[in-house]
Amino acid sequence: MFSVTVRDHLMVAHSFRGEVFGPAQRLHGATFVVDATFRRADLDADNIVVDIGLATQQLGAVLGELNYRNLDEVPEFAGINTSTEFLAQVIADALAERVHEGALGEGARGLAGIGVTLHESHVAWASYERDLRPAR
Amino acid sequence: MFSVTVRDHLMVAHSFRGEVFGPAQRLHGATFVVDATFRRADLDADNIVVDIGLATQQLGAVLGELNYRNLDEVPEFAGINTSTEFLAQVIADALAERVHEGALGEGARGLAGIGVTLHESHVAWASYERDLRPAR
Amino acid sequence: MFSVTVRDHLMVAHSFRGEVFGPAQRLHGATFVVDATFRRADLDADNIVVDIGLATQQLGAVLGELNYRNLDEVPEFAGINTSTEFLAQVIADALAERVHEGALGEGARGLAGIGVTLHESHVAWASYERDLRPAR
Amino acid sequence: MFSVTVRDHLMVAHSFRGEVFGPAQRLHGATFVVDATFRRADLDADNIVVDIGLATQQLGAVLGELNYRNLDEVPEFAGINTSTEFLAQVIADALAERVHEGALGEGARGLAGIGVTLHESHVAWASYERDLRPAR
Amino acid sequence: MFSVTVRDHLMVAHSFRGEVFGPAQRLHGATFVVDATFRRADLDADNIVVDIGLATQQLGAVLGELNYRNLDEVPEFAGINTSTEFLAQVIADALAERVHEGALGEGARGLAGIGVTLHESHVAWASYERDLRPAR
Amino acid sequence: MFSVTVRDHLMVAHSFRGEVFGPAQRLHGATFVVDATFRRADLDADNIVVDIGLATQQLGAVLGELNYRNLDEVPEFAGINTSTEFLAQVIADALAERVHEGALGEGARGLAGIGVTLHESHVAWASYERDLRPAR
């Protein structure tokens, strides 16, 4: 199994609801250093997993929709705790959709899975892993 | 699959028995930077993998039993090479026990697995991965 | 010249005023990984720069006053851009005050300077360096 | 499952063929920070995954065959894009061969798999994972 | 004293002349992870050291002139060993020129100095520090 | 001002005397990731700060005298707290001596200073900086 990972980052404000979050129930913020991993069983015709330029560009585009925002005010997250693990899933699913739309190139249709890790500090991070099924 | 990882560290002395260890047969020591990863298939009612505050606290408690000690003098390790990979297992098993006892919260009973990585330097690390089965 | 550095982190929301900040004029947030460095010309009677336990504890206390907050609502920062470099100064000055009050131990009165670095992402950080003058 | 990872690095020149590579079609170069991971289900008689000294030495030997070279001129890579993911496979396969030859010690014959990650910068890396079958 | 640092990277091929370089006399390559630090005594009217967006953009532009090239064929480096420390100076001087031209904004004319660090691997890096004099 | 840094590591056992050290008064250990920085005003005839091969080799030799040892039993440290900051000085002074003896090459006699940083964990490190005077 092969994989390629690209890194970018995201700076957002948000708050959490639930006693388990303690002081993080207050409006605060985070830098998430985001690693997006693309997996496949075999390399494509160019001997790569994915066009790393397109992967970086599309990850940037996905993050651009969230960057420099207060997630408490994003309609699609209304009533949802935007935890690090949840955001990893949001980003992985958005990348999967872009793969299916062809935004990562035709070769990327052969990808087997996507994983996203969000580092919220030097001592904590969260990940989400999912399969990719050919769109056809 | 989702995961959350928290990081802490541990400073111990120890020695090894066996020619394979070369100069590490002498009493020496190590800082282990410890990453504990908690995995589960779906997020809990708070939209998280585990209460990251409890995870950090319990990892600290597990490491506190080993920290600033000479492992050669710890009775439970008598006659055992306390290799980095072995210590990863000791820590993962201790965390698993605490999950089963409820020390990581009721939601943590839904965890699927635990992984522990110990970094012994900038050029070497070791990991141990295990499943978690609901106690019930 | 000797130095000792301890690391902790801080998660806040804030916004900036001024065209130069672009989209960061919106309310967003950041994790700041904070390195506090204590400098002195000679080691103290215990052969150290500073009690690393007290240094860690006092850095934690200084960060605790800012952590999980929206800096736009902190009265002392009213009308001020809480840039990374500015926050480095705020933290360094708060640590300097604690050194003068004796909170880092009597030996710490011999410190020559303090530096604080705030990492706002994997690709950007800011620092502030200042001298410490004996209180006497 | 246990694993041990050792890190080393490699500095090479190369160029790529194919529009997807953009400016990387020109002769350029890279430092690859290389992590080699050895996996097995149970620890060996010395309570380890692999002799970390031999693992480091053999990884160094494998990298030594590529280090400080222009990969465009290496006969075995003629007509092949020496992408990061491809090089991860080349290194993993060379390590697997050395395991089978006994170069990592008799105990290493119990290894279950090898993974190799090549970091090409602070924002991109690639991996290859493979199983190891006992030579018997 | 305040500073702000931004990070980017560069991938080049080159070779060295001189016995001291051993196997690095062969054509090989490197990824340089590049940190550019801007220093000043006081913050500007926006409470910052420099517009971090412009700093990132201008660092990218400076690196863009070298990226994905064989430095042995760059006319301005003819007969020169393009060592890591030398390249740090080349990049710092190019940034200084851009500061003087106003490319980092009017406020940047108050900068006191520039430092550039090039990381050539996880175990080696080089830096160059220089003063900046107001262009006036 | 130019500098070059090389990294290696050291694994030792030791204990401290003095209440300030708390549980670290017990025999424990540490991995020190060691960065040795060599500084000079101008590059030498080869366009470098120092022969990075010799620098790495000599740092390794200096660390080899301490590695895999219990520092409490090293005669030259009898009655001394082998704190991280103190060990940074020991290593810097040993490197300075080797520079003066010519072990880092003739060109290294032009070095202006040496700095050594010892990372004792991911959240703490210590440094020592000293000048070098030409032997002549």
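Going by the order they are written in, the chains are A, B, C, D, E and F; count residues from 1 in each one.
As a convention for this text, a residue touches a chain if its C-beta (ideal position, glycine included) is under 8 Å from a C-beta of that chain, and two chains touch if they have at least 3 such contacts.
Just so it is clear, the structure is predicted and the values come from calculations on it, not from any experiment.
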Interface repeat test, C-E vs B-D, A-C or D-E, passes over-half contact pair overlap for B-D
Of A-B and D-E, the pair joined by more C-beta contact pairs is D-E
Distance in whole angstrom between the CA centres of subunit E and subunit F is 27
For the pair subunit B and subunit C, the C-alpha centroid-to-centroid distance in angstrom is 31
Between subunit B and subunit E, the Cα-mean centres are separated in Å by 41
Two or more other chains are touched by the subunit B residues 7, 122-123
Interface with subunit D, subunit B side, in the complex: residues 18, 20-22, 80-81, 83-86, 88-89, 122-129
Interface with subunit B, subunit D side, in the complex: residues 1-8, 43, 46-49, 51-53, 56, 105
Contacts from subunit A onto subunit C in the complex sit at residues 7, 9, 11-14, 23-24, 26-33, 67-70, 120-123
